[in-house]
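Input: structures, listed below.
Each of the two complexes below includes subunit A, the first together with subunit B, the second together with subunit C.
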Partner chain A sequence: MSVLEFLANGLVFSSIIVLSSIGLSLVYSIADFANFAHGDTMTVGAYAALVTFGFVGALGGEVLGLPLGFFVALAVGVGVAAVVAVVTHKLVYEPLDVDSIGLLITSIGVAFVYRAVIQLGFGTGFIEFEITLLRPIEALLPYGIRMTLHDVAIVVSAAVLVAGLHTLLQYTDLGRKMRATADNPSLARVSGIRTGRIELWTWIIGAGLAGAGGVFLGLYNNISPRMGFNILLVVFAAVILGGIGSVYGAMAGGFLIGMINQLTPLLPRLGQELPLIPESFGIPIGIEYANAIAFLIMVAVLLLRPSGIAGEEAT
Partner chain B sequence: MGDDSNIGRRDVLKATGAGALVVTAGCVSTTDDTATPTETDAGGGGGDDDTATPTDGDDMNEGPYSIGMVNSLTGSLSAFGQRNERGMELALADVNETTINGRELDIIVEDSESQAQSGVSAAQKLVNQDGVPFVIGAVGSGVSLSIYESVIQGTDVVQLSQNSTSPDLTNFPGLLRMSPTGSTQSTALSDIIAEDGYDSVAMAWVNNDYGQGLAETFRSEWDGDIAYDQPHDQGQSSYSSTVSGMANSEADAWLFITYQPEFTAMAQEAFSNGYEAQFYGADSVQGSDVLDNTPEGSLDGMKVVVPSAAVSQENYQNFAAEFESEYGESPTSWSAFAYDCVVTAALSIATADEFTGAALQETVRDVTRPEGQEVFTFAEAMEVLGEDGTPSDIDYQGVSGPIDFDENGDPVGFLQILTVDGHEYTQTGTISG
Partner chain C sequence: MSVAVRERFGGLTRAEQGAVGFVVLLAALLFLGLLTGGLAPTYFLYLVGLVGMYVLLSFGLNVQWGYTGLINFSVAAFFGLGAYGTALLTAGNSPLGVEGSRLLGIIPLTIIGLLVAIVLAVVVAVAIGIPTLRLRADYLAIASLGLAEVVRLVFLNQRDWTNGSAGLRGIPGFFDGWPVLETFPEAMPGLRVEALELSIPGVFSTEILGFTLGTPFWQALLNVAFVLVLVGIVFAVLRRAHRSPWGRVMRTIRSDEDLAEALGKDTYAFKMQAFVLGSVIMALAGVFYAHLNLFVSPGDLEPINTFYVWIAVILGGSGSNRGAMFGGFVVIAIREGTRFLGELLPGALPTAGIPFTDLVVSFPTVIETTYTTVVNNFASTRLLAVGLLIVLVMRFRPQGMLPPQRELIWPRSVAESAGPGETNPRETIEEEATATAHAADASAGVGDDGQTAGDATDAEPAGDDSTPDASGPDDGTADGSEDAPDEGGGRNE
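And then the complex of A and B:
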């Protein structure tokens, strides 16, 4: 029995949650509504990658146990998710003259449309990338850590994407404009920033990250039409925990929620796993309540810090 | 005033006309190729408003015997309903080819819309209006129970459910069913795992009525140790904690009572974590999607029990062939259950002294039980029975299995054991009991 094993599981799952949360938070900060279609945007990305992988899967070379074709498919998944989100923005959200609650409800409708279209094309069943599943990395086994190269690939890719986003926001012209628009759209506009264009870029980046999250979720689990919707509530918990609208908060929130979700099995046996606590101590709770625990912690954090972990910092 | 009464009368006439039309239409669509009116001998008799159907006296002996069927023609279980319909049609054709001592069988089908309330109305119509002494119904367990409790209980009418599998129905001995209770799977799994020499098992079950029911029976049947006994929710994005938990329980036998996508995710997780264990599963984890999405060889040796028709029996093979030529696809166990319901009903009528609920109650169980000659088809049974056979002369072996209703009105379960070999399911045994 190894705590490290559960921590490793948590790290992989967190990476996927982080990718999804930052996209959601980014869109919230600039488009100013909670996008319930975010989960299904992930699904769109996953299916786009699946189809692409069917064509380019055989592309040679291997990085971290994944054929190069997978990375091409990943890029296509990201691109398709971004295009779909931009088209939706142009066709639906932009022409709608409603407040953020109206947009929120609209986005639920949009989510149903995405999912229905996917079900029309691919059926309601589940499917898998045609990538051979790997066995755990031998070198880590003595430590009780059971990770495959694919798990490492998920974590590394998430880290690269997060670092990239950080660089973009902090050191580029576009990033500065995005932060300005998020802070105060009217002020940004009078100082000469074309906020409409910034909003488009936000959609591209946010939905692209969602697409990447979807592709990795598909690699980690299975691809099915409900995959994105099923994970959406957890992602929302992460975003709100971090402080909605804050990208760095979403990273922290995503990491925390993912970890809590995967560490739940340890709760009934806390005493055996942690030093300084009596052996028999434990919180008797089953793993079916993992999400409930995540939400409880979210509520607790919000009671102490109403704006979330990083709510004050504007990005 | 004059105008008003005029309109009123016209409305009445219209309504009556429409009513008559509906009744007639019902008559045409439910009486199998014969325009002969429905005979109703049993208590209740023909409804008062049933004027479009001329009802004859009790002494009429040429008309068909009418029984009722409540089926899920629409609603969430309509897929089952359609299979039932096909099984019933084939059985009806077989029965009426031989005839029940010269008289045909007629089934009045009503739709339950897969819901308790509509099911009860349908059964009420059948019992009180059509006066049938025998009701086949229903598909959903909740629907069957509601019908039993609000329409059948306290009357002589026989109710035989075609597809309900909830263990709850066992508590109602008056409510018969053709499909074995889901708990037979747990019993069978417990026997198989013990036979394979394991004394400790890790069990993951899906957190709903189905998973809870099967897990509960397994716990009461299993004598060994249950090292891991945890539910999981459907549609989660990660099942790593379930798999890690099972592995850390250090049991060598892992039992999965869950659905296909969830099981697939767990099997993949177990593979990429490098865990090796002997897998067992209930019927809901078996399917080609599971094999397609798991690595070759990762499931080898896994054993699954699935409810099954008596696939090795000749009568099932004939049924399957007939089904295929009629509908272009192979039958499921569910259509076999519906088929057997109709044949059992026909046999109970053939052996009863009179066509009443009380008389049928006396015969319906016995025609399927041992200590009679084993018969495999309706025609064969009628031959053995001859002119004045009694229910104990025959033991009907259905296309779905031996039936043999027990004191709770449950049939003997008939299960197949499938073992994964070379990443394919192969049948390695059958279990009845």
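And then the complex of A and C:
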């Protein structure tokens, strides 16, 4: 496989990580705790889309190699993830009288409940969307890139969502209020912002993006009850690398971590791929440790620069 | 029930009564299973061993989270290190195994395995602790979960060392190679417990008992004895440590780390000590597990195992060792209860005929298919129970069922300060001897422990220093810290 192909894979995987890490970062900064249920929110979105797709999969039309029904399913997945998160917020987190560590521990319980309910309904096995696999795009093959239209769809959709979020945060009233609340909740309250409502919107947006990430992850690999929890630590690594509380940092962190994750196979033959380095140079590590690398980067960032790439200033 | 027992029971708080009731009920259920033959004696002892294992793990986590406030999400990793530490040395198919059951023909290999496990746990704990213990609490949680995953990936993927996902088989019992104890199970006579027939004529008749206690039974008994010894030693050490000046510094760090720093404590060093101590205890549980189960695989390092232990600790009451014991029982109840229920439920909903008519009532198809899917995936209810329990405990009783109260105080101090109206000298269960005298007037005023605790600890005898930090300058910590951590036992005041 060529370096370009790894980069292409990295781009697709990064898109998924970026979507999930934005949500995690938003909740981290506004609800003020590390939400361990975020990964399983992704799983919820994926399964909701899977079920919907079973009903509307036949809807005609085709965009980027995907039937229109898939985008309906995507919307439902996003919606269900958001609703589940809001209900959880109202039922579980809001009545709690504990500090942020207590919330963190509670969110693990919430994660287990999500996953257990999914497993009770669908079993523990792997499922895939019933979409025929496409052949790689011919035009890219000469460059050594094997990329299907589905991959392009993931990247484009993620880009659209990220652009939408950017617009929301920078140019709308809600976005300004969210940034104010993330920055200084008390000051925001004093200024007349209803922070409770902002928090609710944070859950909706964060969980919605997570749901989208889950659907795309399901399309990219496959769907299983463990998918969200398995990727959660990678997403945390992205958020911490980007700087907790910073949405744009989370985007950068997600992009970097996703890339590194997919470029792991290159590490043992680094010398052959890069100029100016002896041929024999390489870091002997197998792809099975791709996630481990992300964790180690995360620990290193926490030690050396706990504020992450984006530094102190939030959003 | 004798009067003394009833009096003691009346002297407990509601929560304590509930906990005692739960344990008694569980024991009764198990005993019933034993009597009716539904539960083989060997399996019963295996369960007791597992309870002991979870108690050990909870003790370990209690040192880290309960005493010091370190959020360690890598319990399963240290448990796995302990299990693999001894298994790699002794297992039949281990790539790094040693032949025979004794080293140099003298020392039993399992002892070496135990030491290897401890050393491994210490080394990894220090290695993980150096980068993570300086971090904020929530960062520590994330980082420790990540590092636990790294440990699991290493055991899963380094096939040439660990045999990969196939796991390690043929692990000998812990007492293999020991003098006397090695042959104990074979040497004991097989006991045949004759079946008894219980019957009410014409109504029902059933057979109870009726099993043979052979070598496996004695082997299991030996395992239980082993875990009891481990639990006993660890409990004694922890109780001593927790009440010592060292324990007071720990509690200070937990409630206010800046305060501890301001009082001149090297909090990093203290946290490292607690982290290593807790990890070694978890590794001990792993060693026991390897020699109980005789098989270990990377599956034992799954994160869910970490959260079983978390359930045990936060449900029992963070910082409370008897709470940890209670939690151990609950975890086994969840694990075995869901398994039992799953076997009990029929695979499909029965259709019931209404008597004297030809009508057959059947459920709508939706309910029927849902039921069938749920029953088929019933193992997942375990996860559901763990999750719900975490949420419910945090919602309704964040301090846990049995928060530490009297545990932190020297029994003698309690007895001395036992004036009318100012204290209630109810003791923890394990401190029977000094407590029974005052148990009667305990039911009133359970809530005002914080004040009592402060007073009582001030009256502590001076010569009880088990750690070098106990001398003069420490008095400041002792006085300054007592009020905060003891107020309600919960972290979230």
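Going forward, the second predicted complex is superposed on the first by the 308 of 315 C-alpha atoms of A that agree within 3 Å, B and C clash if a C-alpha of one lies under 4 Å from a C-alpha of the other, contacts with A are read in each partner's own complex, and residues count from 1 in each chain.
In this section, a contact is a pair of C-beta atoms (placed from the backbone, for glycine too) under 8 Å apart; a residue touches a chain by one contact, two chains touch by 3 or more.
Everything numeric in this text was worked out from a predicted model, so none of it was measured.
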Fit or clash - subunit C, subunit B, common subunit A: clash
Subunit B versus subunit C as contact partner of A:M227, first or second or both or neither: first
First, second, both or neither for A:I22, with subunit B first and subunit C second: neither
Partner chain in contact with A:A116 - subunit B first, subunit C second, else both or neither: second
Partner chain in contact with A:I145 - subunit B first, subunit C second, else both or neither: neither
Partner chain(s) touched by A:M42 [first = subunit B, second = subunit C, both, neither]: neither
Partner chain(s) touched by A:T106 [first = subunit B, second = subunit C, both, neither]: second
Which superposed partner A:L241 touches (first subunit B, second subunit C, both, neither): neither
First, second, both or neither for A:E288, with subunit B first and subunit C second: both
Contacts of A:P306 with subunit B and subunit C, given as first, second, both or neither: second
Among 112-120, 256-264, 274-282 or 364-372 on subunit B, the segment whose C-alpha atoms clash with subunit C after superposition: 112-120
Doubly contacted subunit A residues - partners subunit C and subunit B: 286, 288, 291
In the complex, subunit A residues that touch subunit C: 33-34, 92, 95-102, 104-106, 108-117, 119-124, 229, 233, 236-237, 240, 286, 288-289, 291-292, 294-296, 298-299, 302-303, 306
Complex contact set, residues of subunit A against subunit B: 1, 5-6, 9, 12-13, 16, 125-128, 132-136, 141, 146, 148, 150-151, 217, 220-222, 224, 226-227, 230-231, 234, 261-262, 264-265, 286-288, 290-291
List of subunit B residues in touch with subunit A within their complex: 207, 230-233, 235-242, 244-245, 248, 260-261, 264-265, 268, 271-274, 289, 292-295, 298
For the subunit C and subunit A complex, residues of the former touching the latter: 71, 131-132, 134-139, 141-143, 145-147, 149-150, 153-154, 156-157, 303, 307, 310, 314, 370, 373-374, 376-378, 380-384, 386-391, 394-395, 398, 491-492
